[in-house]
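Below is one structure, written out as structure tokens; the observations come after it.
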Amino acid sequence: MQFDELNVAVREFCESRDWGQYHTPKDLAIGLVTESSELLELFRFKDRTEQLELLAESEKREDIEDELADILFFLLRFADLYDIDLEAALEQKLEKNGKRYPENEYKGSNEKYDE
Amino acid sequence: MQFDELNVAVREFCESRDWGQYHTPKDLAIGLVTESSELLELFRFKDRTEQLELLAESEKREDIEDELADILFFLLRFADLYDIDLEAALEQKLEKNGKRYPENEYKGSNEKYDE
Amino acid sequence: MQFDELNVAVREFCESRDWGQYHTPKDLAIGLVTESSELLELFRFKDRTEQLELLAESEKREDIEDELADILFFLLRFADLYDIDLEAALEQKLEKNGKRYPENEYKGSNEKYDE
Amino acid sequence: MQFDELNVAVREFCESRDWGQYHTPKDLAIGLVTESSELLELFRFKDRTEQLELLAESEKREDIEDELADILFFLLRFADLYDIDLEAALEQKLEKNGKRYPENEYKGSNEKYDE
């Protein structure tokens, strides 16, 4: 599948359940925050080694995949309902950040995507 | 662009800046939470009408697009670095949720995606 | 109990379990975000009436109290470990915000604490 | 100041600006999440040493204090408006967690507050 097909799948899923009435911008943003936070909670108090161990355990890995899928669900739903071109938005953001964090300056430095 | 091309663009952006060292699962999850929260903050204390007005103002709309792009950036980066198939994860999640929230039961009811 | 006593209770709870090693500023901030997000998730997709109903159901009310207690736990722990005077910080913040949102101007207006 | 006095200060601050109308449970929970996330963002991509350096720089330390104050503001406001006894909630939570994480078992082990 690609963006367009996933978009359609998410839209049909929501429409067939009449969920549009709940999907205000604020509540979809809440969806994004709460699902991202569930992902983050899996790594709470874990050091780098423990984090990688989680990704290697099949049950935990599935939990991680589930949370990422939930984030993608709300992201596609937000963009579809409020007519935002996600791909164009990301391309523009990369261009903007490309100027903000020039390659040569940041290569090997201690700086990082820190918006 | 499609998923694969966006993935490559994000990967090259990060690699050319040596950011892999910072991109632990935990810190990428922090990226997802903090960018989602910035999106949510735009709608804080706003009612439905005010939320839609934000989406109609070009400057605010650009802020919203920027936050969505940041979320997509971290989502693609997480999936790429830790070898997760986002499309497959979403398809599986929709199937799982399809059983959990059957269409007929939820059509027009007061229930909603509430994971 | 008051702040000081609660502080001591939280400190003893953590020290008797050797948790100091996990309580970096970042991980305590993750604690605050994830517990706040669990609180928020209780209200996701709910309108004002449904939110107040949750507060009136004894089981749900206990969930809400639990999440608020978790937030207070991490807040007191952060302040205690990193030597921050929460009361002074709040007094200063109220003074700062008092200038930013003057009473007369904001009384009855559409503006609100929006930091 | 103590809880009671801080409560009164926060209540008067909000009432003199007519903010009660915006302070639904959901929007106060959004306040808690967004302020906690701003705190977390300060530590994003930072290792333990860098985190402690932030706490030692006076300007950054003030940012941290400001975010903690904002979290306390929304926490007290939520409890005051919806009649929740924060101190009692925390005492009960500590008791509950005391059983869940017995001292002897967890002392020096790799387990931690992980609710």
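Brief remarks follow.
A, B, C and D label the chains in the order they appear, each numbered from 1.
In this section, a contact is a pair of C-beta atoms (placed from the backbone, for glycine too) under 8 Å apart; a residue touches a chain by one contact, two chains touch by 3 or more.
In this text, all values refer to a predicted model and were calculated from it rather than measured experimentally.
Where chain C touches chain D, the two copies mostly use the same residue numbers: shared numbers make up over half of all numbers in play. Superposing the C-alpha atoms of chain A onto those of chain D requires a rotation of 180 degrees, given to the nearest 5. Taking A-C and A-B together, the pair of chains sharing more C-beta contacts is A-B. For this pair, chain A with chain C, the centres built from the Cα atoms lie 26 Å apart. The distance from the centre of chain A to the centre of chain B, each centre being the mean of the chain's C-alpha atoms, comes to 3 Å. Each of residues 22, 26, 30-31, 33, 37, 40, 44-45, 112-113 in chain B touches at least two other chains. Touching chain C in their complex are the following residues of chain D: 1-3, 6, 9-10, 13-14, 16-19, 22, 24-26, 29-33, 35-37, 39-40, 42-43, 46, 48, 51-52, 54-55, 64-66, 68-73, 75, 78-79, 82, 84, 86-87, 89-94, 96-98, 101, 103, 106-109, 112-113, 115. Chain A contributes residues 22, 27, 30-31, 33-34, 37-38, 40-41, 44-45 to its touches with chain C in the complex.
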